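Residue numbering begins at 1 within each chain, and the chains themselves are lettered A, B, C and D in the order written.
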Amino acid sequence: MVDLSVDLGFICLKNPVIPASGTFGYGEEFLPFFNLDLLGAFILKGIYKNKRMGNPPPRIQETPAGLLNSIGLPGPGMKELKKIIQRVYQSTSTPIIINVCGETDQEYLDVAEYFDGMEEVAILELNISCPNVKSGGRCPAQDDKHTYRLVKQIKQSVSTPIMVKLSPNVTDISAIAISAEEAGADCISLTNTFLGMALDLESRKPVFPNIVAGLSGPAIKPLALRLVWEVANNVHIPVIGMGGITTGQDVLEFILAGATAVQIGTINLVEPAASIRIIKEIKETMEQLEIANLKELTGKLQT
Amino acid sequence: MRDDICNIVENIQIQGEYYLLKIHSEYISARAIPGNFIMISVSSTMEPLLKRPFGIFETDPPYIWIYYQVVGKGSRLVSEFKPGDKISVLGPLGNSFPPVTNQSILMIAGGRGIAPIHFAIKKYQKENKISLIYGARSKHNLNLLDLLKPLTLQVLLLYSDDGSIGKRGNVTTDLRKTIQKSGISITFSCGPDNMFKSIYQVTRELKTRDYASLEALMGCGFGICYSCVIQTRKSGYQKVCTDGPIFDMDEIAW
Amino acid sequence: MVDLSVDLGFICLKNPVIPASGTFGYGEEFLPFFNLDLLGAFILKGIYKNKRMGNPPPRIQETPAGLLNSIGLPGPGMKELKKIIQRVYQSTSTPIIINVCGETDQEYLDVAEYFDGMEEVAILELNISCPNVKSGGRCPAQDDKHTYRLVKQIKQSVSTPIMVKLSPNVTDISAIAISAEEAGADCISLTNTFLGMALDLESRKPVFPNIVAGLSGPAIKPLALRLVWEVANNVHIPVIGMGGITTGQDVLEFILAGATAVQIGTINLVEPAASIRIIKEIKETMEQLEIANLKELTGKLQT
Amino acid sequence: MRDDICNIVENIQIQGEYYLLKIHSEYISARAIPGNFIMISVSSTMEPLLKRPFGIFETDPPYIWIYYQVVGKGSRLVSEFKPGDKISVLGPLGNSFPPVTNQSILMIAGGRGIAPIHFAIKKYQKENKISLIYGARSKHNLNLLDLLKPLTLQVLLLYSDDGSIGKRGNVTTDLRKTIQKSGISITFSCGPDNMFKSIYQVTRELKTRDYASLEALMGCGFGICYSCVIQTRKSGYQKVCTDGPIFDMDEIAW
């Protein structure tokens, strides 16, 4: 029997598979497909303080083995979300993670404080890397000082553990990760989407009203793996890896590169029960390779 | 709603880029109602990544039929499916046309829009009087006539842009007259966006209830990605996949 | 009749299609497939001062819609290359571009000076962005000051026009492009490959002895398009766009985003005559969209 | 060397993961010589991106035959090719076995390595005496025996790891004896890497000329990407695609 559990230090998860924010709705939508208890944890759609409409359509465009999205983080606002969480919490004992968004540092803080201490909330994931929100796509996670300032401020104000989600659109990912660690992050997740673009030749316009969009899916996996490996080599807190994961084999590669757990994103859209298949594949591959537990593998890349 | 590996039973080229696909799915065929759609994975590789949405043309347990048009990469791959191929199918998805009995329903289909309309006629013809207006670009696109023959239709009006079959014109050419003459109390329609707009101009004026089966770019089909939204008059963006695909036309902010 | 010619200011090309360095050998290898005269220009494999072996195999790995490579720039050294150029020059009147590499600033300078003024050489492309050469993958193109210093030094020493090839692995691509422009670059090409990684679970080792590798191919197209658009909006010299181009439609998208010409990379491996097909597709699409000449399209994105 | 769209004529499952593929290519079938290979595009989408290399098993103008084993994604897609499918094929590529006449040649094939060896026997049997050692993991992998029957062989030795067909053992079990007894002056071999190494131990000692058809990860197949290199004793890295795939074993830095 292989042991799939992973330890983030402040919490143990029964397995390393965590559906990623924005690709798992509010969890409930997956109840027709599987029991949420099977997951390591799951992350709700990103939330701002107030209700948001999101961007005008089109909001997605397929690219070779990838997906560009410019959804624009629509949502009901934090008060409505609290009700949803309380409802979802009834259907599962799996840890629930909130994806905290903000247009300003103050908004991040307000949202984080609002959910702080809720027994239904296991971790606050700070989405300091959403490329759609500000014009040109810049975000706090593209600046080590901004990252430090923001994470520090939130860490000082909340007691719920925080996971800081990084952006890949930087020269030196480790510098950002180290800033987050020094500011008190309990763990780090990466990567959010890569800045991309799509054009419509006929109208001579960008496909997305926002011009740029975020690339996710299998296309980015080799890039994400490199980023996770770099960060894991440079921080001492747990790293939660993601980017283009579609198989159990992919998960084990991220863990070998140094991730303690992983998030599953775009593939949830294509195959609702992907996470469950992936958990099964992790088990099978571990048995095949005679890996008794995941700790044995984490960061054991021989370079 | 289930995501299953299903067997392809038949894939018939009706004419040009139009095909009928027969899929074995006990689960979906037993549950689907008119308006419902499915998401089909078109490739066993990572490219294209997303499933494609197709309305249900008919259920014939344990089978379902899809009527589709090849318009791009994904639908071209569907046209290459062979009997025995196994593909992943998610469904049934979406809402349905409103329950209606003892009424004169006018069905309006443009091109491949006949898919959900065909299914609706099958189900509603027992308890309602059905008329159908069916339009296409030319004769070559109006290619399901044989399949429409067994249906019980009060009125069947065909239009083509070039007049090569039926009347020259489009589905709205005689719409007002038809609604008034046939005592239509409600319309169900499916077709391209500009068709909806012209239909709605008439139905709004005549105060005829008007339900449309809309299309949108879909990332997931089951409500999690928020990519398929349409602007409504009162409720902001609504998801075509779970709030639709059938909408009361009065709700849409055209 | 549509007009495919493009003007880089210092040179006119009969069309915008330029096979990219490292994916077109020394040009000669393509003679069995087509007449080199059909191309806008072509770029030879990257060259260092001395002969190099390149990296130990494996040197490539496929990824979803992409290709990781860690070839390690093997080559005969600049003296041997000169002979090859003189030979290739006999078979075509199409402008030949040299891809100048270096492990140090001095080496770049030596190589650039060596080819400077050769009548067979139309442009020197400074490959200041090869991620394979230094450990960790850092390169001059990841630092605006280093870029400025290096480009300035070379520009002062050579009279052949220079094209500076940028790396995508940066936070702010425009800052690097502006540095290159200010240092005297005649034009800019981007993007080189994205840093990626592949692991082998069984051996628990990276697939590539060099650990990281460069990702190219269709997978990166949406990312490259965004970078080209940003750079074209921020410099006044011509931009030569590349990254995942496989069709004439792709080319026109890069041009709409602001590129004056484009480079064709990975697809050359898969389809030797890809460039010729692409030129045909450009023509057809221009006719269809009633675009009389490419200048009409360059940078005309309506945002 | 040409990159053409070719018609698939037949795709025959020989046994388990082993297949024969018949491709229509006047150009390649007229030019290919033993040792040559082709690069086949396995998908009409961007995934997988690269063509896959396969040795030529036989030419039969205007057709060529490929003998392949399904080992991963790309070869699985090849196994799904149907007659009438059109695929892009680049070839003929690579060098050939050395010209030899009036000699006793020992051919050695492991598993799918029979492909170039089969082609070589066909061509060399007219002017040479040919012996063949053919090995596999088990009976189920030695599945081309019928196709070998028409060949003129002095000696045919079969081996399987489990002894389920031929002798238990591998192609090198009786290699020394065979070379000496049959007066072999040269060997041509194709198989897995460790097979080459053990063959070379024997041939080097006996000073028998030894040519091997090597495999390598190939990005392009025609010499531009430098991904397929192998370390040689004297000339550094050589490209398997254009300097090979046939190498004099003395040249390779094993």
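Note that in this section a contact is a pair of C-beta atoms (placed from the backbone, for glycine too) under 8 Å apart; a residue touches a chain by one contact, two chains touch by 3 or more.
Predicted, not measured: the structure shown is a model, and the values here were computed from it.
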item: Shared chain contacts [chain A and chain B, defined touch]; value: C, D
item: Pair of chains joined by more contacts [C-beta pairs], A-D or C-D; value: C-D
item: Distance from chain C to chain A - Cα centre to Cα centre, in angstrom; value: 34
item: Whole-Å gap between the CA centroids of chain C and chain D; value: 36
item: Distance from chain D to chain B - Cα centre to Cα centre, in angstrom; value: 53
item: Approximate Å spacing (C-alpha centroids) for the pair chain A, chain D; value: 47
item: Two or more partner chains touched - positions in chain A; value: 64-66, 217-219
item: Multi-partner residues of chain D (each touching 2 or more other chains); value: 46-48
item: Chain A-facing residues of chain C, complex; value: 63-66, 68, 142, 169-172, 194-199, 201-206, 211-213, 215, 217-223, 225-226, 229, 244, 249, 252-253, 256-257, 285, 289, 297, 300-303
item: Chain D residues touching chain B - in the complex, by the definition given at the top; value: 43, 45-48, 73, 77, 82
item: Touching residues on chain C, where the partner in the complex is chain D; value: 22-25, 29-30, 32-33, 53-54, 56-62, 64-67, 69, 71, 74, 217-219, 246, 266, 268-273
item: In the complex, chain B residues that touch chain A; value: 1-3, 41, 46-51, 88, 90, 216-217, 219-220, 222-231, 236-237
item: Residue numbers on chain C that touch chain B, as the complex places them; value: 64-65
